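Below you'll find a set of structures to go through.
Each of the two complexes below includes chain A, the first together with chain B, the second together with chain C.
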Partner chain A sequence: MEHARPLLEISGLRTSFDTYDGKVRAVDGVDLAVHAGKTLCVVGESGCGKSVTARSILRLVEDPGRIESGTIAWNGHELDGTGESFDILALDPKDKRLGRLRGGEIGMIFQEPAASLLPLRTIGAQLIETLRIHTDLSKKAARAKAIELLDSVGIPDPHRRVDAYPFQLSGGMCQRAMIAIALCANPSLLIADEPTTALDVTTQARILDLIRSLQAEHGMAVMFITHDLGVVAELADEVAVMYLGRVVERAGVEELFADPKHPYTKALLASVPVLGRDRGRDLPTIPGAVPNPLHRPTGCSFHPRCAEAIAGRCDLDDPPEVDFGGGRTAECVLYAPSEDTEGATA
Partner chain B sequence: MVRYLGRRVLYMAATLLAISLVVFVIINLPPGDFVTALQAKYNQQGQGLGPQDVENLRVRYGLDGNLVQQYWHWFTQIAAHGNLGMSFEFDKPVAQVIAPRLGWTLAVSLITLLVTWALAFPIGVYSAVKQHSIGDYAVTTVGFLGLATPSFLIALVFIYFSVTWFGSVPSGLCSPEWCDAAWNLGKLLDLFGHLWIPMIVIGTGGVAGLVRIIRNNLLDELRRPYVTAARARGVPEGPLLRRYPLRVALNPFVSTIGWILPLLLVGDIVVGQILSLPTLGPILLGALKSQDMYLAGSIIMILSVVTVIGTLISDLLLGWLDPRIRLGHQR
Partner chain C sequence: MTEPQIPAQRGAPPLLEVRDLHVRFPVRRNLLGRTTMENHAVTGVDLALRPGETLALVGESGCGKTTLGRTIVGAQKATSGSVLFDGADLTAMNGRERAPYRRQIRMVFQDPFSSLNPRFTLRQIIGDPLVATGEARGSELEDRIAEMMRRVGLSPDYMDRYPHAFSGGQRQRVNIARALIVGPRLVVADEPVSALDVSVRAQILNLLRELQGEYGLTYLFISHDLSVVENLADRVAVMYFGRIVELADTADLYERPRHPYTEALMSAVPIPDPALRGRGGRILLPDELPDPTDPPPGCAFARRCRHAEEGRCDTGAIALERGPDSDAGHAVRCVRHEELDLQGIVGAES
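Here is the complex of A and B:
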């Protein structure tokens, strides 16, 4: 991508979980970049490590999970000229910069909005608390600002709702409140970890509209984690496809849908029903299931399910990351610049 | 809130009515009654009671008529006059037997309870927050031992060591020379000199149990999404722990008040007996052994009332602490 320096740069991120059965490498060498003002969608099946990647950014991975290596560079200060870039993973847990990142410069929303709010405190209390952490508003001013924020995320009757408890609101309303909390300090990046998965379809569409309009209004970048390709098509500028802890393909959204490179991406796109076209026929599926990350296949981890796998190659060697230029990459041997296997399929 | 309170009080009254029935049935289960017991006593002394005397006595104590009438008499006596009936063994009204011991029981139990909470709460929180640390393992191990050792065994061990080392048995709550004295500093100091033994004996199991409750509750809550979400918006760790998971973990703690109150009143029966504490526990034990049914029934009835009141208190506290309970029906 020929943009300026990205706002957030993840490189070589490895996050693993120690379980009784062994070490699960949930994120196994992920490189990602989020550019200021743009939307990056991270897409993949359940368990591919997309949520863990998102949580690693704000260092929210909990025991028994551990970030093993990698760097996450935050260039927000350099981009707006207020300070230097730093590596989030190198910060001391007590470093003030980490506290400012969490909720200040990076807002985050989650999959289960109702469970992400403490049921014993009103949404206003939780919003005002966050406001007072990141701004120096007085209690009264913070309450006024809270009502204003609730209004801006489309919660009707915010004067009354500010004193509502999360269990008195619907899931969609809770997610709106979470968005208000995430945006209260005008962050330059919003991380949305499957924010619409637990909501019904109409609410889903409204929340997506809200995120899009708020993004336009605030000029913030969005990192959107989802398994829904429809959402990707609607929101993304750039897309990263993840499979078993690795990014297997990176592309602009149009290129991805027009010309998917990686066999996994192709299979994913083929399995999305198209109105009219798929009437009366079985939807293509990806054979098999996601392998247990404890017993990752050797070579390319997708090869057991891949229609284009090359025997003796894909099951032995790690696939190379092929750079097509313009930020397009695919981690697949099919595009490797070696003559003997070009175009061959098994 | 008023409606919530009204509902609770109504349930409470219904529960008490049911309990009074059960207690009355228990009182009347053994053959005979207070008058037959009196009759036997006088017969032993050689002064027979005539049928007319027996009849008069029955009328006097409300023991004439059938079971329903007797229940009505007993119930109205308690409800209207607070009259709990007579104790055979002590030959005086039950109220006079219970009253002097109530203060001591409450004193011993309340102090034990406060110390138990003061110890258990920080230990439990520490043990949850630093799960899998050496401190947590130590606390958990000691907790298991404390929970597994019956308190009467600890009491016996105490008596054994105090006899072998000091040559005396620590019994009661005061030394003989102070027991009947008026309250002054000397008596107070003497009380504290005695109080620590029942406190340790009764408190050990309590602390161990509570530590486990708090630790498990808090561990459950620490893994909830709202904790991660609060951390993600920059809430510092200290306030995060206090304002989020600890508040939720407090609820089961509050709801234990319901069954702690009656325990406070009886004290630990067996420990009370072993250490000769002037609490209600040993009295209840004695009354059950000698079939002193009005005394036993009254103690059980008082305990039930206290249980119901304790439950009401914890319900009110829970309603105050947890809006889900307070507002749950107007979702």
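Here is the complex of A and C:
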């Protein structure tokens, strides 16, 4: 997976928010790569910076948020031979390439489908607008295409539903409409930020199924943000685990579940009840709660909750990023190649 | 695999009994103020909770599980039917008669952020039920609040802080402390861990289990999350469209579901194991939900059910029947349940 150039390459991304209480470093040095046609799942709990990372890609971070540093290389054009790669963060806000990325080459869907659709315009109007921006279809052709798109995302009776307002559709239907809008311009990357969290499981199953089949059909890459490890296991090729603004572990999906390296990943996997495994028994827990990002612990951010933390080390030094090869990394001192580390298992 | 412990007394008279409960909400009224259209939220629910057990109510949004929970605690009026606590009919009581039961049946809510008054300190929030009844004051009040806080894993040093200073998990502990401080026997917990971070969920589930053992509590646990329910519940009632469609012991239900809706629901849960990807035959349900103001005849699930048969499933009332092979009180509301061989959870064959 690492031989080809990734479609999207984030390096050293830092995004922070200035608040009255101080600067919140929501994303604090994130490196991520999404490969063409593959699915990267970014998993983490509230405040880990997964959504801010996604928004940073499209430069959708709003005041008082600010992208401080880093690069986000978009290699879409180089990969399909239509142009050169560029750094999204270096683009002028008025650069046409940014407009083409947003909703064009990169589609995005959000957690609250009903909240991300305009309430006073029909589904069709919103689809047609996006289509007209990113393609040169006529109004009539765009409407036909809109109906076709609604049909392809599994909205029954698309001829009628194209004129429906968001409030007339259920949550699952709205999310399908959002997906249709995101797919308008045949994007090479779909960013999905917790798209199924607000939905029922049966609806979630159908949306995941839809994303999978659309991906197979169009060969697009997917960056899927979630807190649900079940969804990760279903969907991912590669996984990045985030905690308090940093990627703490990166691995292929099978390796991550079979052999998690970072103590946070291990604890997270153990603490989630699994059907058929945890009936009636006490669950292993992670002590404490995710700290407020304003008061980030020193050293490794996870050390106050970590069962394997080494006093005098994890609380003082930033953990090293250990590379296991094959795209696997973990940011943890336990695997650092140094003789004074006890308990190293790498 | 460890067998779940069921401390609940099987033969004991039920602590709570719900009989043929209906809750309907008026949607439209005519000029004379008479209701012309109603939303059927809960339709003919029968349920009995044994002392000391955890009965989970599962189902998707809009199935009526929250309305049922709210009706049991008295936050919602029943249209017809009765709710009996310890043999006394709560639905027939006026406010004054009901008062002593308010401390016996307590509720824990889903959202730890909106369910605590931001202007009250933890002392006020947790102690309020004791103050309101005049049961304790002064140093006794303080002692009892401190004791309760310790029991749910909060330091009594935080007593004079406000909710905003606490994380979701801690706030849910406050919610639990507030519910338990008056010594209830039944706790209705409506999605108590759904809004929490994954790493905190396990803490609260373990705490609920621990407190149940310690205080001999009976739980009605309302949730849409089948994994969480399997972890905590002794028995599970599956609701669909205002009705209980299946009710069984947890192991029985998860391994041998008898209602096609239960089967579909289970197959939809993502399993956190990539090795099982694609296994287990996911059943994708069409979106067609019936109109709650005009329930269809027969089985409400029939239009989405892959096993539905015309002429059998879409006519007449379908009763909640006991399954043939089960003495554990496995009940199911499906005309075809004896013919169908349904799939339980993946990996449960062991």
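We adopt the following convention: the second predicted complex is superposed on the first by the 341 of 346 C-alpha atoms of A that agree within 3 Å, B and C clash if a C-alpha of one lies under 4 Å from a C-alpha of the other, contacts with A are read in each partner's own complex, and residues count from 1 in each chain.
The criterion applied here is as follows: a residue touches a chain if its C-beta (ideal position, glycine included) is under 8 Å from a C-beta of that chain, and two chains touch if they have at least 3 such contacts.
Remember, predicted model here, so these are calculated numbers, not experimental data.
With both structures placed on the common chain, the touch criterion links A:129 to chain B but leaves chain C unconnected. Within the superposed three-chain model, A:46 lies in touch with chain C and out of touch with chain B [touch as defined at top]. Judged by the touch definition given at the top, the superposed model places A:192 against neither chain B nor chain C.
Chain A has more of its residues touched by C than by the other of chain B and chain C.
In the superposed model, A:231 makes contact with chain C only, not with chain B.
Of the two partner chains placed by the overlay, neither chain B nor chain C lies in contact with A:72.
Of the two partner chains, neither chain B nor chain C is touched by A:142.
If you check the complex, the residues on chain A that touch chain B are 55, 58, 60, 62-63, 99-104, 107-108, 110-112, 115-121, 126, 129-130, 133-134, 165, 167-168, 178, 181-182. Listed in rising order, the residues of chain A touching chain C in the complex are 45-46, 156, 170-173, 200-206, 208-209, 227-234, 236, 253-254, 257-258, 267-269, 271-287, 289-290, 305.
Across the complex, chain A is touched by residues 1-5, 60-61, 167-170, 197-203, 205-206, 209, 224, 226-228, 230-232, 234, 250-251, 254, 264-277, 282, 284-287, 289, 345-348 of chain C.
Of all residues in chain B, those touching chain A in their complex are 131-132, 223-226, 228-236, 243-244, 247-248, 321-324, 327-328, 331.
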